[in-house]
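Going in written order, the chains are labelled A, B and C, and every chain counts its residues from 1.
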Amino acid sequence: MSRETLVDHARALDCIHCGLCLTTCPTYQLTGLETSSPRGRIHLMRAVAEGRAEPDATFEDEMNFCLVCRHCESVCPAGVEFGAMMEFSRGALLERRPPGLLARLARWVGFRGILVRRAGLRLAAVGLRAVQLLRLDALVSPLLGLRGQIIRHMPRVPSARERRPLPPVTPAEGPPRGTVLVLDGCVMPELFGRVNRAMTDVLAATGREVRSVPKHVCCGALHAHNGELDQAEELARKTISQFNEVDGSAPVVIDSAGCGAHMKEYGRLLANDPEWRERASSFAARVVDLTEELASPEAIPRLRERLADGHGIQGPVTWDDPCHLCHGQGVREQPRQLLDLVPGLERVEMSGADSCCGSAGIYTVLRPEDSLDVLDPKLESLEQTGAKTLVTANPGCHQQWEIGVGKSGKGVEILHLAEVLERALRPR
Amino acid sequence: MGSGRKQLSRQHLAELERIVGKKGVRTDATARAAYESDAFMLQRANAEVIVLPRTTEEAAAAIKVVRDAGLVVVPRGAGTGLSGGARPVENGAIVGTARMRGVLEVNAEDRYARVQAGVVNVHLTAACADVGLFYGPDPSSQTACTIGGNVGNNSGGPHGFKYGSTNRHVLGLTMVDSEGEVIELGGPGATGDGGLDLLGPVIGSEGMLGLVTEVTVQLLPRPEKVETLLCLFESLDDCCDAVSEMIARRLEPSAIEILDRLTIEAVEASVLRAGYPDNAEAVMLVEVEGGDEEVDATSADVIEVAREFGAFDTRRTTDPVERKRLWAGRKGAFGAMGRIAPDLYVADVVAPRTRLREIVTAATVACRERDLKLANVFHAGDGNLHPNISYDRRDADEVRRVLEAGRIIMEACVEAGGSLTGEHGIGLEKQDEMCLVFSDDDLAAMDQLRGAFDPDAFWNPGKMLPVRGCREIHTRPLPTHAQPAEDAS
Amino acid sequence: MSAELKHTGALDLDLVRAACLEAGVVLDEAGGLGGGPAVRPATEASLGVLISALSALPTRSSQSTVRLVPLGGGGQLSWCRPDASRSPKDFLQLSMRALLGDESSTGVVEYVPGDGTLTALAGAEVAVLRATVAEGGHRLTPAVFGSCTLGGVLAAGRSGLDRHSLGPTKHHLLGMRMIDGTGRHLRSGGRLVKNVTGFDLHRLHAGGRGIFGPIVEASMRLMPAPEAEQYLTSGACASATAAVELALAIRGATRIREQAVFVRDRVVHVLLSGRDRQVEADRRRLEELLTNLEEHDPGPGAEAFHMAGDGAEGQGSAVRVSTVPSRVAAVVAALEGSLGELSGAVIQPGVAQVDLPLDGLSSASSWPALLEAQLSLRGPLPESLRSKIATSTMGTSTVATGPASQWSRRLVEAFDPAGLFQTEGFPARS
């Protein structure tokens, strides 16, 4: 594989080296090292492509150190598509120098064995639940260092009842507003089944008929972020066909920001596939985040009618922007607007709400130390708000906050925005 | 300093790691590659080592080690400089302030703040916002550039029109000299009157007199009212003339900026979309600050002049969100040019404000003749022009033409009684052109000044002052200013 | 490393005569201030040759020496060049006024109203320059009263009462031409309002008291002349401290944009300036703070204001206490407590500066009291302020010591290697 194909050189040329991205980057904040900044990484990619630097182990480590939070894209005046460049480079690096046997096995099990198969996911969930019930996690965690701490504070895997899949159809309440498709997701039903159900209930309350896609398992976001591009493309094709089988025109509503951001970019992902390009773009155009759907002018009045005080949500409440919602999809106002809609809910802003919590997909597992270092300043900001509840809209962030709050012993409840709204829904 | 590459010995490296911690020292090729240049991309060089101290004490101790190792030092903030001032040099270490981000003190009553040099410009203003104060200089890169870097370049920004550049705001500095000694200059209160004003020459010295590690700056009370005006013109010339007229009428807004059509298009296509209209050849962005009454009066005057000079539309707003958007567009303009071509040459000339149009025309002609794409965005109120020329550095001939055009613009400015740089510094970019402005004696005196602070050329050697003598470069200093008055008359 | 004065003996007139001959400059052996010797070069070239010739002369004995003092009108001399209190015959006075040419010359080199800049010869009278730019609708800082030259105020580091809002004079200095101690003609900065080309050598000369050689020409940034001005005074307060507290309240009221405020003889003086309606509005706000507010007619008011405020620097003999605004009231209270009524003292709370006239302090008993007051104030000062409450006679000063004084020493050696322009006690040596 040549140097030129190792990085997305054309995209690297968009960067004019102005440096406005530096302060937004969590890894630059952490290290003060320009090498670990978006501009630095682009510069490295370009240096490699132009033969002035070697794609050695430190280069690879720098690429993997990035959280791909895409905060830099939000401030880049030149519109550099940093996330896409990073996926490209990671993919190329993986092909160029496959990781060691053990890591390869772990990746295979993770990306091909578990994530894409419902049975695999269930098995993993059952296993984890058993470990947690037997308190084995507490037993082994001291042996595993930081990873151990993370395992120990992982959210509990709920009971099997909680983990049941969404019903294929949930009828609309009140005057109907048409159908939407929702994504069960891979990890979501196993760890956060209640969030999916909350989403369904809230959507139905606004007059939407909600249909799930039982066959579907994984959108491929984690694969793309971690350089498994072939797999990611395959999963995208699968996702599109499976959703279209259920409904070929309904909006696709996503309650996991990472999946939503990725699915909105199917068009780009399959741009080189003449057979799929068109279909992928038109599918991507149907994808909306749950908060976008709920904050639409049609949904807001319906929601206002149904939301009531007495929800018992501990205030003050603060919103933490998932990176792939605010930077990946440019969605910032809608979640705040929705929280402000809930009667009796006091919302406070957290400083740096739009900076990364360190979850970044499977980053917590791959680089536990860096991940927790990135979370530390966020925990401080949370402390300063005095919030009793933190609201997010992405399973990775949700889990990361559970770990952080658990580790630091703070009594803060972490909720998905859909859960907040569901709790405040007045029964019809 | 002898020739040949000097490398850091294992002992020196271990010593540096002991001082600043393992994460504060990098010598691997990957880490160093990212420091090849600052935002001036035409020249690259590799540093031997990157050192990132966290405190003045660490910096002082690290400097001693670096010196002992026979290396020289290039100080660096965020590397957003546009003239190559923070580019590494041969046998040089980069000593960066990126981990020195502490706001040490904000004193609301005496209106000053003391910060570590690596504090980002906007973070300083954020840190004093809740006591109703702000920091004056606002370079366009203020969301990334550091206060230490601002001191090095005597940085300005749009509001420099009212508040002046960095040198009007720095009250005191903590520095490390080439022996690794810590030196305090000035401080809050009425100072600098009693002794020699060493702050004066250090500010704007482009990192050549020492490493600035802490800065005490004055803070200003936030104005009662701020209004931002947008005046739209069908021609860039008229827009320039309107600015000249505003200066001639002695209006006192706090900023007067001009963006031309190409700049507007680039900004509007970016995430910093400011809502600049697409039907104007030039947009004048004006900010007026002060008491209610003076803002009203001055805004009315500004609009009157703009209309007289052909503005076909004017808009005004005091809404903070709207204002922020308008300014974000202006401040991201340079980066937005990345949409036009991979590289950008940002000129930084200053012209007398009576002759703005003349210089803009000269720049336009120079670029048109060389088939180059030119965008103008500048601090018109200060006469500080930024003709931005887009190019691709892989095209050697285009690079040559860009540099040629850049030089013609500088010459035109100097001819008109202007200068080479208003805020970006000389760095590596305009060393030779120093001879357009200064005589050999002037330059020798500057070198002596440098030598008084830094006898061994330890700090950022090879920058700012021409490496070759001016006679070799075959240029002559400006006749009217460089000679004693009676000789010129 | 203590840099002793190189020459302490009497002026070697023979050497001076020889150099004057070379430069074609007439030596007026007893026509200078105080009957001292003076030269009045009419061209910069001859001034350069003279200095160059003097600096190149063979090493002198400690008994015979050549020392030069660049002079405008001599108004800053008494405190700016403290060793000038020795016999005037020990120095060669270098008059910068002759460079202006005939008597009618204003010394303006270039006034560009459209650009708001002024370039003038060092020997130009500030009052004349202010009048010149006023005609074009501009004002020049410093707003100093009385006779002084542009070069003089710059070299002395003087600011006017407008420092309160405009900052020190040096912040408005754009560039200079000067001649160094070897006779080289140098230039630094430029004539433009914004410029970062090269090292700011001129900033060393501002407040440099002539030790690097004479300033020949300076360029200044001008401010628009205000539409309206109001000169206001309060009634006499119970004490200087009370008046200072009032003045600080005005400074603290950010909705009042006073151009200058100071206290003298228990009265608060305020200058409002700016747009018509703004000045009216500010005045109404000021009335809420100050009772007995008295407005003075612009002409006489301006004169009275500047006469009252023309304190230490104008009179040339005073003790200056510099501190920070939050400490001014405490400093004044302590001084008032130990020295009694601070009559004639000019207190600028915003600039955090107290100038005490020396006459009031001439009795030997005052000095211990003053020192005691300072010492008792030094104690509780926060560490960050360190020695900023440095109290000094205007003639000697406390400046940074250690490596910074090494920088100063090397600068002097670089630009005045022969020691022609050296002066005692400045810059302070460690």
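Just so we're on the same page, a contact is a pair of C-beta atoms (placed from the backbone, for glycine too) under 8 Å apart; a residue touches a chain by one contact, two chains touch by 3 or more.
Remember, predicted model here, so these are calculated numbers, not experimental data.
Asker: Line, ring, star, complete or other: which describes how these chains touch one another?
Answerer: line
Asker: Report the pair of chains linked by the most C-beta pairs in contact.
Answerer: Looking across every pairing, the one with the most contacts is B-C.
Asker: I'd like to verify one number: the distance from the centre of chain A to the centre of chain C, where each centre is the average of its C-alpha atoms, in whole angstrom.
Answerer: 64
Asker: Could you put a whole-Å number on the gap between the CA centroids of chain B and chain C?
Answerer: Roughly 30 Å, centre to centre.
Asker: Could you please state the distance in Å, as a whole number, between where the Cα atoms of chain A are centred and where those of chain B are centred?
Answerer: So the centre of chain A lies 39 Å away from the centre of chain B.
Asker: Applying the document's contact rule, which stretches of chain A touch chain B when the two form their complex?
Answerer: Per the stated touch rule, the residues are 13-23, 28, 31-35, 37, 39-41, 43-44, 47, 52-54, 56, 58-59, 62, 73-80.
Asker: In the complex, go through chain B and note every residue touching chain C.
Answerer: Per the touch definition, chain B meets chain C at residues 105, 107, 109-111, 114, 132, 153-154, 156, 160, 164-165, 167-168, 177, 179, 181, 183-185, 187-201, 203-205, 221-222, 224, 244, 247-248, 250-252, 290-294, 296-298, 350-354, 379, 382-384, 417-426, 430, 434, 437-439, 441-446, 448-453, 455, 464-465, 481-487.
Asker: For the complex, give me every residue of chain C touching chain B.
Answerer: So the residues of chain C in touch with chain B come to 43-45, 48, 109, 112-117, 121, 137-138, 157, 159, 167-168, 170-171, 177, 180, 184-188, 190-204, 206-208, 216-217, 224-225, 254-255, 257, 274-278, 280-282, 320, 322-326, 351-353, 384-386, 388-390, 392, 397-400, 402-404, 407-408, 410-411, 413-415, 426-428.
Asker: Taking the touch rule as given, give the residues of chain B at its contact with chain A in the complex, in rising order.
Answerer: Interface residues on chain B, with respect to chain A: 23-24, 26, 28-31, 33-39, 41, 50, 52, 78-80, 96, 98-99, 101, 118, 120, 123, 141, 143-145, 266-267, 269-272, 332-339, 342-344, 392.
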